[in-house]
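Take a look at the structures listed below.
Here chain A shows up in two complexes: once beside chain B, once beside chain C.
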Partner chain A sequence: MSNLEQLKQLILDTFLLDPSEFRLDLRREEVETWDSLGVVSLAVGVHETFGYHFTPEEATGLESVQDVVRILESKGIPFHE
Partner chain B sequence: MNRPLAWTPEEFERSDLAGAYLWSLPRFEARAERRFGLPTVPGLRDVPREARSLIVLGGGTRIDEAKLWRRDERADLRLVAIPSLWGSGAEASPIVALTRAGKKHIVVDPELVPDVRVVWPELADDLPLWRARDACGDVWAHAIEGFFSPLASGELQEELAGIVRRLASLPLGKDARWFEAGARACAAQARASVGLVHGIAHVLEGVLEGVDRERPFGHARLCATFLWPVLALDRSVSRELDAGLASHGLEASLVLEPARALFDEGAYARALPALEAHWRAILRDPCTRTNGALVRPGHLAFFLERRFR
Partner chain C sequence: MRILRERAVEESLLALDRAWSEEATFAFLSQKSTVDEGWVERALAALPEALRRGHFALSTSGSTGHPKLVLGARSRAEHLADVLHEIQEGEPVQETILALPLSYCYAFVNQWLWARRRARRLVATEGFGRPDRLLRALVDSERAMICLVAAQLPLFARHFAQEAFPGVLRVHFAGGPFPQRELEAVRRRFPHATIFNNYGCAEAMPRLALRRGEEGESPSDVGRPIPGVELATGPGGELLFRSPFGALACFEGGPSWRFFCGEEWIPTGDLGRLAPSGRFELQGRANQVFKRYGEKIALAQVLETVGGCFGGQAQAYRERDRMAEEGYVLVLSPEPRAEELRAILSAFRALYPRAQWPLRIESSATLPCLPNGKLDVAALAQLPGKTIHWRNRI
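Here is the complex of A and B:
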């Protein structure tokens, strides 16, 4: 599974979304379950999936799925081949 | 002052009891009246205006009712909590968890912590063994889920590691030392969060109410039943958990063995259909969402197929 596919599955599982709801530009305010507890779950899932621990500032500053991609790419985890 | 102060019954008797009223579970009322000589009230609305202290004696629900009422209605009262059983840790925590219209409502506020908690060991004398064991499961769930919480600091984990060692030294059953250990586990866990075991318990305790009249599916029984399966799931998802234990000098077996010993296949089999039917609600429960490992929709199969065995 590619990193993008893994991220998609993680977002769907964390926020309990249907596959059709996933977009890279999906924003936090569009997702009911992306609240403060959702931030905690996402941080746990990112660590399990990609081995990276968000800093508290990074985790709380996430505004979209694209932000997750941007931070992980900056840590050497590629999403664009 | 560091709340709650922890007193023995003798220390409580020597304290200023002027204006103190007792609100007790009915089955302990006569015993408490004899021991402390306090007037009792049948309900919180009956606490007189001139009262200076409220002594609540009972389980987690009764203590939580008193905590919330004191905060909202009579903040001037001193609140003394005497748990009739260990497990909930209500006597030591800033959390209230009450079921309203079949749904668990959780309030967290430092003002909810009682002023004093009293450990009265003799209250455990008449406990049925199964109830005592289930309550041990609740205590273990607080300690382990608090330890694995993503919100737990290294300092808190170290404190909980000490509590885990203490719990591991106690027999799973009727032993009054669980009162103190349980209060400490809950007070520490309250500084982080709980996880999937509590998410399952909070959703299913209303659903399974009345299913077993002999041995009700209350919160503690559900914690005892699901502790081992959830721990196995967590460890299968995240290797960090064992590493976290090791970094505080704990062998995984120290937590796995009691969890496995508390597991009851019969109770698990009876609860499983409800787990499946309410899995979505469990995933949305706030406790589940602060589990030490991410709980995914597909993890239901882990429980249905008993992959923890």
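Here is the complex of A and C:
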């Protein structure tokens, strides 16, 4: 499974989204389950899946799925192969 | 005083008839009960002189998994069987088909004792231990009554396909939430039957409340107290009862029995409330309501939600998360279809805050049952071969 596919599954599982709702530009304010506990859950999931620990500032500053991709790519985890 | 261990059903019937006719108090233990007979002997030996005659004790693990003996007076149980005959309109019923263990207080009073009191025929079967025998009894039945637990309904579907049993006039459910969602299917299978939901607990020996199937819309609606029984809710929402039919004492490991004086309110083990309809509604087992990150979780409510999205059985067991906060795991049987899993997750998203979501959603081909037919919640956590479909990361 590609990194993008893994991230998609993580986002779906974390916020209980339907697959049709997933977009890279999906924003936090569009997802009612992207609350403070959702942020913690996403951070734990990113660590389990990609081995990277978000800093508290990174985790609370996430505004979209694209932000997750951008941070992980900056740590050498490719999403556009 | 004697200890009777449930054996082949005909053998047990003979032994029970004899024991009921004799004066000495006796204990009747389930065939599959792991209760040590030495433990029961010590309990009987600890009874005061006045209770060594005219009484009987049944073993139960109920839904808690902890063994317990409850002591009843034969006169009270006979009175209850008579009351049930009246309010369950038993007069036209000529026979009762035994499909549950005889040592289960529900079958013991509603069927064995009722048949004895009313001189009706008791048709012995081994339930789904011998589906062929049960099927023959149901097909041959005429003006019959049967007592079931909801967990047996999938077995009807598996073994008897679309077979209908018009000879059954009364179908009783007890021992867990009433199968409200399956009511139409039960009606098709028993087209001439009046269907009742029976509510009670071991200490009530066993009956407290009753309603007809069609009277309520929710599995948690247990109806009204039967004549002579009082139900009330305590300050924490716990459902309490006083009953002229209830147990006189209870033994949970000793060294002595816990006696009931008859005036005190006894916990049923459930939470409940009196609805505006005048009927009581359950709000979960007292030990199945808890807080997680400040959010109150009632597992019965969660399971009712899941039941609306999933055609199989759902159960939950409690587990702590990595922060040692109390949570629960949802177990489905059989494995959910992809669209069912999506519907369950969507329901959680729509109806519950994240703290009330399960720690995991697992599935198993079958769910473990206690000898009395109830789901064995204590065994769920250790059930081998489960599949994990979804997990919460907090």
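Here is the rule we use: the second predicted complex is superposed on the first by the 81 of 81 C-alpha atoms of A that agree within 3 Å, B and C clash if a C-alpha of one lies under 4 Å from a C-alpha of the other, contacts with A are read in each partner's own complex, and residues count from 1 in each chain.
Here is the rule we go by: a residue touches a chain if its C-beta (ideal position, glycine included) is under 8 Å from a C-beta of that chain, and two chains touch if they have at least 3 such contacts.
Bear in mind that the values here come from a model prediction, so they are computed numbers and not experimental data.
*Asks:* Overlaying the two complexes on chain A, which is it for chain B and chain C: clash or fit?
*Replies:* clash
*Asks:* Touching A:29 in the superposition: chain B (first), chain C (second), both, neither?
*Replies:* The answer is neither, since A:29 touches no partner chain.
*Asks:* Going by the contact rule set out at the top, does A:48 touch chain B (first), chain C (second), both, or neither?
*Replies:* Once the two structures are laid over each other on A, A:48 reaches both partners.
*Asks:* After lining up the shared chain so the two structures overlap, which partner does A:18 touch, if you call chain B first and chain C second: first, second, both or neither?
*Replies:* In the superposition, A:18 touches chain C alone.
*Asks:* Kindly list the residues of chain A that each of chain B and chain C touches, one partner per complex.
*Replies:* Residues 13-14, 16, 33, 37-38, 40-41, 44-45, 48 of chain A touch both chain B and chain C.
*Asks:* Report the residues of chain A in contact with chain C in the complex, numbered from low to high.
*Replies:* Per the touch definition, chain A meets chain C at residues 13-18, 32-33, 35, 37-38, 40-42, 44-45, 48.
*Asks:* Report the residues of chain C in contact with chain A in the complex, numbered from low to high.
*Replies:* 293, 342, 345-346, 348-349, 354-355, 357, 390-394
*Asks:* Under the touch definition given earlier, write down the residues of chain B that touch chain A in their complex.
*Replies:* Residues of chain B touching chain A: 150-151, 237-238, 240, 280, 283-284, 286, 289-294, 296-298.
*Asks:* Write out the stretch or stretches of chain A touching chain B in their complex.
*Replies:* Residues in contact with chain B: 10, 13-14, 16, 33, 37-38, 40-41, 43-45, 47-48.
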